[in-house]
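Notes to accompany the following structure.
Chain lettering (A, B, C and D) follows the sequence in which the chains are written, and residue indices restart at 1 in each chain.
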Amino acid sequence: MINGERITKSTVRWGMVGGGKGSQIGYVHRSAALRDRYFDLVAGAFDLNAERGRDFGAELGLDPARCYADYRAMFTSESAREDGIRAVSIATPNNTHYEISRAALEAGIHVICEKPLTFTTAEAEELQALAEARGLIIGVTYGYSGHQMIEEAARLVASGALGEIRLVNLQFAHGFHNEPVELANPAAKWRVDPRFAGPSYVLGDLATHPLYISEVICPDLKIRRLLCARQSFVASRAPLEDNAITLMEYEGGAFGTLWTSAVNAGSMHGQKIRIVGSKASVEWWDEHPNQLRFEVQGEPARILDRGMGYLHPSSLIDDRIGAGHPEGLFESWANLYYRFALAIEAHDAGKPEQIKDLRYPGAKAGVEGVRWVENCVRSADLGGVWVDYQ
Amino acid sequence: MINGERITKSTVRWGMVGGGKGSQIGYVHRSAALRDRYFDLVAGAFDLNAERGRDFGAELGLDPARCYADYRAMFTSESAREDGIRAVSIATPNNTHYEISRAALEAGIHVICEKPLTFTTAEAEELQALAEARGLIIGVTYGYSGHQMIEEAARLVASGALGEIRLVNLQFAHGFHNEPVELANPAAKWRVDPRFAGPSYVLGDLATHPLYISEVICPDLKIRRLLCARQSFVASRAPLEDNAITLMEYEGGAFGTLWTSAVNAGSMHGQKIRIVGSKASVEWWDEHPNQLRFEVQGEPARILDRGMGYLHPSSLIDDRIGAGHPEGLFESWANLYYRFALAIEAHDAGKPEQIKDLRYPGAKAGVEGVRWVENCVRSADLGGVWVDYQ
Amino acid sequence: MINGERITKSTVRWGMVGGGKGSQIGYVHRSAALRDRYFDLVAGAFDLNAERGRDFGAELGLDPARCYADYRAMFTSESAREDGIRAVSIATPNNTHYEISRAALEAGIHVICEKPLTFTTAEAEELQALAEARGLIIGVTYGYSGHQMIEEAARLVASGALGEIRLVNLQFAHGFHNEPVELANPAAKWRVDPRFAGPSYVLGDLATHPLYISEVICPDLKIRRLLCARQSFVASRAPLEDNAITLMEYEGGAFGTLWTSAVNAGSMHGQKIRIVGSKASVEWWDEHPNQLRFEVQGEPARILDRGMGYLHPSSLIDDRIGAGHPEGLFESWANLYYRFALAIEAHDAGKPEQIKDLRYPGAKAGVEGVRWVENCVRSADLGGVWVDYQ
Amino acid sequence: MINGERITKSTVRWGMVGGGKGSQIGYVHRSAALRDRYFDLVAGAFDLNAERGRDFGAELGLDPARCYADYRAMFTSESAREDGIRAVSIATPNNTHYEISRAALEAGIHVICEKPLTFTTAEAEELQALAEARGLIIGVTYGYSGHQMIEEAARLVASGALGEIRLVNLQFAHGFHNEPVELANPAAKWRVDPRFAGPSYVLGDLATHPLYISEVICPDLKIRRLLCARQSFVASRAPLEDNAITLMEYEGGAFGTLWTSAVNAGSMHGQKIRIVGSKASVEWWDEHPNQLRFEVQGEPARILDRGMGYLHPSSLIDDRIGAGHPEGLFESWANLYYRFALAIEAHDAGKPEQIKDLRYPGAKAGVEGVRWVENCVRSADLGGVWVDYQ
């Protein structure tokens, strides 16, 4: 990866649903997928407005014939072509993820989907089963999970450097929606409407990010029960929450907390991960992602910097630039996408076992994110009580 | 205060119970009380070992006749002298606070006591009533609450600069006891023994500090119900906890969390206060106490520095040195002590109304700290459920 | 730019000299140029070894016929084609920049060159004149100068918010070469060999970066005289320096310092810019490039964050992702490249006046960087004395 | 020292010249000297206005008979008493330091003096010789040099952990005088008047602080030649400077820079020390004095915290409170004063060799500070040229 050295041999023919003109996340997907030519964008159903979608595709240099009015048309046509897309990214409102993903899988197309994968665990598990049956992958874009310092944190935990894990402190708490900004900004509106967003706002939209990162760093932790309290400080958002705190008891005695908020006034993103073990802790913050704080009790705190030779080799292989120069969001996303490409390549070759050690947010991550939100909502709706994790 | 300008005219004759040779907190009390001659140390019952106590008093320059074998003897003798002590500081294990405080008040002596004031709310309220009846003060040493930047945070909240308070995020989570250090360190042993420490370890010992600071900053918030989960990661500490998380619902809809820990491996003290309002937040950290972060949503974060002219006048009057030079723990404690002196002076003059605007942790703070721990323990012992705040 | 909105209509046909297999900087150039399809890589003379260069071009998807054995062949062939390259990037050792740039300009091809543009000011001015005569641009890749927070700093200075500029404090001082790492790393070797690197090591390689940024932020400052002291702490590097300090007196009384080092052991890149005015200062650090510190005397320090609405509009237009998500080195470089594309488009349209307000490191920046190093070396070689700036 | 454990047996009878009502630095001296009863304030010539001085002494609880109209009267009377002062602290404008110090020494009284000790090196050396002849000490209050983390930095250098010292980067650059505040503030006025301040403003007033700290950390470095450029950005301060940069060549090849300023707009104190060795660096900042950054090339940066067991034992013995709680300016000053007390005790016992390893800013530090300023001024007045260090 360093110096742009490519890891896959082929380039995945790729399409998008949603992510059209004016979509921020659409741009992030394309930036990540096209970064080092792991993917080649050849088709799209970018917009509910077919003409606008076609114009946008043209801007991107696509064959107009492969700019479709809707995803069904795209999947039908593309799966009939010999040079049809092998993978599709879905960047549409939450309520459509399930049906679009299912349609893609049924058409034999790999799926890369925005979180949440579905509204219910049952739906997510159905997609997972479908993908497995068809030999396809599902990727879920937990963007920062691709960062090298998350890999380093995972390696430190795996090495035993932290001792036994005791505490998992998670946070994704920004302040950008401390007022009802959605009233003036239609693009933000669907996020607080349960018909489009599903049963939660910040739990699904923000909290699942650090949750997944914690699963990457501490793969052995299993939630036994949890408790969630959620609030709608901007009243018009009810029943969806704009702030929530979740407590988690893990099998074996570890304890977790996750604070998520869109009303943490004055804060930037505030995505922070702190894992506390019996001997040491690691802490990571998405606003300064190139540093990882490693604190051994009784020793000076250490600031680990991305790209340095003292890191685990697997924390170095995704570097695009040497230490000292910051990498940001886009590199982290691009890391996810090249792993998706690797996974697709292995599946298409009929050799999924080749990538069994490849870490990427797949179908299981999709299912588990939905399951966690479902449990949180159940707890919150019962008045913030402990519920066994189902 | 700047340049050592004194605020009271008289000097309070003062004694100590506990805090003898080898006591760290005893030294902190003396450093604070004697700092600018607000108090004059003239008597003490420093040690369970009378001879060692007397020797220690001699080291401090005390009249040996006023170095007592126990607190009862001290209170009896001193209250009989015309030049007897007017105030006593109690720096003994928790289980003795109630009886010593009561004895002092009954002897007509003002009380300055380490937290927790007592084991039960009922006892604390009894002391409060006793103090009121006798025209005496009770001071509780929540050391950092005397810091000027806490005053500034309170002023910002009072000014409406934060809007309506929504979230109270509190933390006091260090890592120094990640292993059972008490086994080798007798001085730490009583803190994890319920007979001496009372019904909690970190909830009472650590958590009540940021809790009181939050009460100073947000005096209008009243807890409606709370939920506490506590753990003993070092198993030998059970039933006392070395880690706990408390959720608080306040009247009016604000929500609070308080994380306290002695097993946050690798962390220094980690006492952090973040108050989030509908418009802005303030954040303070005891390890860098001279800075207060003030974050207005949609504006650049501001770093407020102690001693600067843009602060509220009441955040400047306790400065001992100009801006740029850091003040630390000792100055904060000394601020508390001079306020205790002011309160004592006013009560002794029969004019307690003179100091009705003086902010210091008094009897009410003592009661409320005990009450909070009691509610936390009740919730935790019921399995971490919501309990109405009693 | 936000959401990938393109600013130019056409895509510039583009080639590279150097930057082949294993070249880090080559990858950075391509990442930046291809980021949003402002450039299209169609030709290259990537390697001194023609076969290896062709293989590398093939990896990148180039037509083998346009993978050339050397730059002369490329310029000749490409300038003869109707669809020949319009621009070339030069990522070769310093000693070749002048001749390759001249050849490109003579062939009518726009030049984007690594710094230093040449070894001598005379050569650089010759290239500048040649480019002007042919209606071509020269771009010099001072990578971080494209960052939005540098634009914001420039806007703050231009607005008068800092008052009169008094001090310019510049630093680029890393520690990666505290030992003679070049002995084991041939790729680093040429940088300390005057035949390939020119008359300086860190002055030319590092110092010109913050120097150019200071020129962007304070365009009105003109150096009147300077003094430079340089050292070779790793003796084998002499006569080239691995550490240097330069003092600068500007016309009008402002004063500047620039510390550059490759032996600042333990430091990461340490590129820092602090501009002090009579009323306020700004400070920027390349390791956390999304924040700009703005300090008005007598007011709380402000932390400005990239992407926030309170920034100058021109500091927002280059954003690729909203506030809170960090952008890093690659985005900053990509900003430079799209500006090069804009400049090329305007020149090719015969309308260079269209972009007279476009800020990018052009021929003048190239000349001035070489001139500054030349003056520094002259001062240093005279024993670290003041020399009038020539 | 921890827990207030005293190190000397006796208490030094002590007087002050200057430092009267409204003096900030006077309060700092008293706070430090009286902190743990190492000194006992029994006499003073606090004020040019004798009556005001006497009133102030009364406020401090002094015998009015020992509140003198001037220092001569004090030295005469006190040296005639059996219980007369053994030491005096001098907190008066710079122009009086020499004559008062000499008078004290001649009266057989130990001297603790604000820097600069004198205006000229010759005078300082005269005082040094006088003190030696009389068996008296001279202490100079470089306040932060008493901080434990400075000791730790010195220990790290002495241990060889940094390798050979290459670079000394010093800074004391605040912004509080970016405007001519002295026009409105008489207390600040003398500092910019050469008759009272001597030949420099910020060089003597600020720069000598980090200079002395660098001597403590790197005792083996000897300046061979230096170059100083100074400016008066507030024109009315000329010929005294409010900003200066000094370059220093040390014997053996190390190189130093010292930036000092009172016009670094928006900055707090900004006293920073960075020592760069061939293997590692240490960095300290007076605004967060409890942390020391230790950076070994190729390893994660380490944050060392005051009070932690991994520090050198000699970096722990001055702790007054355990790790995690910040100590500030007052503790650092108090550390100096107790060392002065130790030195006085040893000299009065006729055993100065007892304290030959005691580190405190003594006569030599006073001489060297004056010498350095003298050399800086000489260089600056010659136009900022290199001058051999004399």
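Heads up, the rule we're going with is that contacts are C-beta pairs under 8 Å (C-beta built on N, C-alpha and C of every residue); 3 or more make two chains touch, one makes a residue touch a chain.
Chain labels with UniProt names: A, B, C, D = Gfo/Idh/MocA family oxidoreductase.
Bear in mind that the values here come from a model prediction, so they are computed numbers and not experimental data.
Novice: When I count C-beta pairs in contact, which pair ends up with more: B-C or B-D?
Specialist: Answer to which pair has more contacts is B-D.
Novice: Among the chains, which one keeps its Cα centre farthest from the Cα centre of subunit B?
Specialist: Chain C.
Novice: Would you mind pulling out the distance in Å between where the CA atoms of subunit B average out and where those of subunit C do?
Specialist: 56
Novice: Could you put a whole-Å number on the gap between the CA centroids of subunit B and subunit D?
Specialist: From the centre of subunit B to the centre of subunit D is 35 Å.
Novice: I need the residues of subunit C touching at least two other chains; which ones are they?
Specialist: In subunit C, the residues touching two or more other chains are 176, 294, 299, 301, 305.
Novice: What does subunit B use to touch subunit A in their complex?
Specialist: So the residues of subunit B touching subunit A come out as 162-163, 166-167, 169, 175-176, 178-179, 227, 229, 231, 233, 243, 245, 247, 249, 253, 255, 257, 259, 261, 263-267, 276-281, 294-297, 299, 301, 383-386.
Novice: Along subunit D, where are the residues that touch subunit B in the complex?
Specialist: It comes out as residues 2-4, 6, 21-24, 26-28, 30-31, 35, 37, 59, 61, 174, 176, 268-269, 286-290, 305, 320-331.
Novice: Please output the residues of subunit C touching subunit B within their complex, sorted ascending.
Specialist: 294, 298-305, 308-310
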